[in-house]
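Below, chain A partners chain B and then partners chain C, in two separate complexes.
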Partner chain A sequence: MNTLKGFARGIWGGKLLLTYTVLLSLTLFILMPFMIIFLKSVGKDWFGKRWFPPTLTLEWYEWAIEIVHLPDVMKNTLIIAALAVGMSTVIGIFSVWAFGRRHLPGKEILMAIILLPRMIPTITYALGIARIFYGLDLVNTHLGVALAHVAVCAPYSILILSATFEALDERVLEASAVCGANALRTFFFVTLPLIMPGILSSMIFTFSTSYNEFTLTLMTYGPDTMTLPTRTYLAVGEGYWEVTSAMSVIMVIPSLLILLFIQRQVKPEKLVGGFKGV
Partner chain B sequence: MSEWMIELHEVSKRYGDLIANDRLSLHVKKGELITLLGPSGCGKTTAMRCITGQHRPDEGRVFIGGNDVTDVPTHKRDLGMVFQNFALFPHMTVYDNVDFPLMIRGLPKEQRRALVADALRLIRMEGLEQRSPRQLSGGQQQRVGLARALVYRPKVLLLDEPLSNLDAKLREEMRFEIKEVVTKLEMTAVYVTHDQAEALALSDRVAVMKDGRIQQIGTPRDIYETPRTLFVADFIGLSDFIQGNVLAIENDRARISIDGLQLRVNRTSDLTVGQAVTLFVRPNNLELLDAGAETGENVFEASISKMTYLGDTIDYRVILPNRQELRVQTDGQRRFEPGSEVLVRFPPDRCHLIAESE
Partner chain C sequence: MVRSSVTVALEWRANMRGFFARRGAWLITLLLLLPAMASFFGLFFYPFMVTVVLSLRPEGEAVGWTLEHYMAFLSDPNSRNIVLLTFVLAIGATFFSIVLSVPLSLILRDKVKGHRFFRLIMMIPLVIPGLIGALGLLVLFGNRGWFNLFIRDFVPFVQGPVNINYTVPGLILFYVWLYFPYTFLTTLGTLEGLDPAIEEAARVSGADRWQVLRHIVLPLITPGILSGSVLTFMAAFGAFSIPLVAGGDHRPLSVEVYKQIDMFIPARWSRASATAVLMGAMQVIFLSLYMRFLKRETRS
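After this line comes the complex of A and B, so read on.
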């Protein structure tokens, strides 16, 4: 009897072992590139087939900050992301309001066109934008790069916010009016708090989109609007492998902070709910 | 100030080709609870929305407290409203929900606290102030909705099918609760429903609506006992209808003929001899007698075709000599088996004539 139980436990244990092996391999597979970059960024004289760098150093981070002007690049990236997030969210709120509340002929076609930049290859889109921006002198301005980002950020805003607005109960707004609140007060006391989760997830998604955007930036940036992904890419070309690694590691920090915030503050199912009806 | 708290003057509202309200006039006294009763699509909700200002009537004027409010926006009309789906603010606590209209009105904090406490006591929700609406049952949510609508003592309270989302037992309890609260505060209230039992139990007056117009308005008793149109008679309670012609008019009684059978009944409206009329009687007002009993006025031979046991009553289908089927409900003291011969008596006071035929 005992042996039988032991045997059953063995199978169970084996099953569990298998599960963990698969899951750990997957995790390792996902984390490996990052781990290598991290080691590269803190290692010195690391050549050949060694598993671990012989000496550890923060030298490359100093290089990244001084030679590659990382603080400036980070500042540009954040300014552009903030502009893109702001514009996309405002565009999102107004277009969703128009789509939801007004009877518009050709609504589906308009919606499809707005979502188009997410569907066609970014490089195609980026080339067109570059052509236009050279004519308008928008290249090498924060606003220009941010505008290019809006093309891919705004569709996210619209998708997420349209789900939020759909879930908004019209009668709750009527209740507010009956209670004596005018349109402005209803918006601030009732509508805004109710759509806040949607606005928040829209901001998170547009931020990470703009922050990571490479192709569109590459076609519209200039010396004054260098962003992190572009600078990192160029640094590779210049041959600074270690410095590039250090930059990549620094670049991860804001993303990690956002991920932490999402897990703490925003319920993941709400973000997923934002994609309802895609 | 006029004696009417709410007045609708010839209000019309169309949606494309559909006429939701057709020159509708309604007058509600101060402190009165009036019910707009009718099937869906009869225009009762549209009429209410004209009072709240969510709709602007195409024609006609709306008065509240003697003032023309036709062009006054909803938030300035001093109303309270209870919604079918409760429509509580989901991001606020019970306390904040009830406090909201007071906060909007900018009342001092102390006064607000006292008023909210009063309102919550009135609906017996003390101790649940910090709950979120999501944590409440349907009945509790609707009580909070009622408190939110009453807390600032608006001129007019509107209730839009407030009990339809609750289960049957709770619905019946809350009926009396709403009636009690509204009466206690001497509120003027308009109650919209399609549930006739609710309308009869709650209202000072009932307005039965059809096709955007009021068919009849009166006390629940008027509406139930002396309906003026076939629609009202049919919509409220159970009815038997029999077609006939006026044979003669004798003071306050009329003699009518139904396929050769003669009946003597109360005369309520103006009739002329020879006119086609519909006789209407409630199934529980008809009397069943043993076949051998003495015949007299308004008594006819009939046979039982069906019997259904309903607990406190027994429901019979009875066939008259002219093949007309009647529904008769008795208290079950005397049982008749299907197929047996009986006598049906039409009490003259309980039969009413409606001067239209189907």
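After this line comes the complex of A and C, so read on.
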């Protein structure tokens, strides 16, 4: 009824139609790859020029679990992401603390230097990382792959956290000190709760970065540290599109959950906002 | 002997205490910055230097200096096509992202019904692994995909399947799918940061909607759009997973680098490194030119 009223009011009647045509076709453009992948993953005997698969099956998911060892791959991905998130968050908190709360000359230049890895194609330093890690026997270890991810995750974490720390009000901390709390108490009971949302969003973003990271993983992975993107890539080479689709569907779910969280908790502009200084 | 070393230790401790008292604040700052510096030098700067050094070594050897890999790349007639392709893809993707983002953000700024939902949808490509996007698009635009079925069933006068996969326009389309949200979000952000009073003033002065858009809004958001498009450009220039899976015979620089390691036995690390260094240099040069152009535009 409301929609009808909107039409009746005729706020640019024709324009409204155009607006929704544009919006819906773009939405379809973005969503259709996922729909078709989903159908591919549950469809059987989908050959020839048909719009939909003739029969439905969960067979490809069984294949993905039993033959491609998806649970192991998922475990690797999560371990690596957790390590990368942990390290980058610690790096982020420390350096942002130094940036925001301490007098530091040349802050701008330091920040620019730290963000440098985001401005140069990943593959240029991924080659070097691979060579160094081969020498240190870090290739094909969870720690090694996670360390490689830190190269791109840490700058991200620093970016997001610096916004949080800039918003931290000095007077609140002073008030806490005046009330008799020592530095540790102030940190744990005042500062930490204030910066917690920032830390959380930094963790979410670095997790997403690590989870999706492909170039650096490809240069440092091994049979024991297969992550979801690399496994999917290999599966493409093996040519089983249905199984690959099933893996993709499983892989997309955490990403979509992250998106929902981002939308609720953080301003989406933060995803790209940090690049503004580029 | 023992006594003296104890004295030395004590003296050292006393010294350190004084040092801390004077320099304590500084030291703590340095300590706080240490992890970031370690990760920057250990995981970016040193590896980058390793790549540079590797590119100057004869293939497979740890000593000696040579420029042969750069020469080999620069004199290879294929290289020109590869570089050209990389720039065509990146610039094409950037251009079409802008073309797509401006009307889209103008629409979504008006808070039309369901604008939250549409915003959410437009951000999906940002959080999705590029590989998955590439797979889905390959299936969607394949000869038996929905796109060609749609053309077969609903579009008259078009004969046979339209080839999109593994072509340059197709790759640009895939790039736009994956990388346009960067431009879109910054454009939307700039638009929403615009003071509505400016537009109202123009409206009151008798300008119609189109004139306001053409002469007021667009010039004001151009710097924002352009700086947002830098992100799309960088992502598209360094894109790896999409062209690796969906490029076919079209190999931009990043894939060319990887192929040197992946396709040759023994792997051609030095050649790959030389290509990667050239790629990095090209991106930095192009970006700095672009930024300079951007600054001039913004000032005038």
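FYI, the second predicted complex is superposed on the first by the 242 of 278 C-alpha atoms of A that agree within 3 Å, B and C clash if a C-alpha of one lies under 4 Å from a C-alpha of the other, contacts with A are read in each partner's own complex, and residues count from 1 in each chain.
Just so we're on the same page, contacts are C-beta pairs under 8 Å (C-beta built on N, C-alpha and C of every residue); 3 or more make two chains touch, one makes a residue touch a chain.
The structure displayed is predicted, hence computed values, not measured ones.
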item: First, second, both or neither for A:Arg171, with chain B first and chain C second; value: first
item: Chain B versus chain C as contact partner of A:Leu194, first or second or both or neither; value: first
item: Chain B versus chain C as contact partner of A:Pro33, first or second or both or neither; value: second
item: Touching partner for A:Met74 - first (chain B), second (chain C), both, neither; value: neither
item: Partner chain(s) touched by A:Ser208 [first = chain B, second = chain C, both, neither]; value: second
item: Chain B versus chain C as contact partner of A:Ala163, first or second or both or neither; value: neither
item: Per-residue touch tally on chain A - higher for chain B or for chain C; value: C
item: On chain A, positions contacted by chain B and by chain C; value: none
item: Residues of chain B that touch chain A when the two form their complex; value: 52, 54, 73-76, 78-81, 83, 85, 87-91, 100-101, 104-105, 148-149, 152, 158
item: Interfacial residue positions of chain C with respect to chain A in the complex; value: 25, 28-29, 32-36, 39-40, 43-44, 46-51, 54, 100, 103-104, 107, 112-114, 116, 118-133, 135-137, 139-140, 144-146, 148-149, 152, 177, 181-182, 185-186, 188-189, 227-228, 230-231, 234, 237-238, 240-241, 244-245, 253-254, 257-258, 261, 269, 272-273, 276-277, 279-280, 283-284, 287
item: Residue ranges of chain A in contact with chain C within the complex; value: 3, 6, 16, 19-20, 22-23, 26-27, 29-34, 36-37, 40, 47-51, 87, 90-92, 94-95, 97-98, 102-104, 110, 113-114, 116-129, 131-132, 147-148, 150-151, 154, 158, 208, 211-212, 214-215, 218, 228-229, 232-233, 236, 241, 244-245, 248, 251-252, 255-256, 258-260, 262-263, 268-269, 271-273, 275-276, 278
item: Touching residues on chain A, where the partner in the complex is chain B; value: 169, 171-172, 174-182, 185, 189-190, 193-194
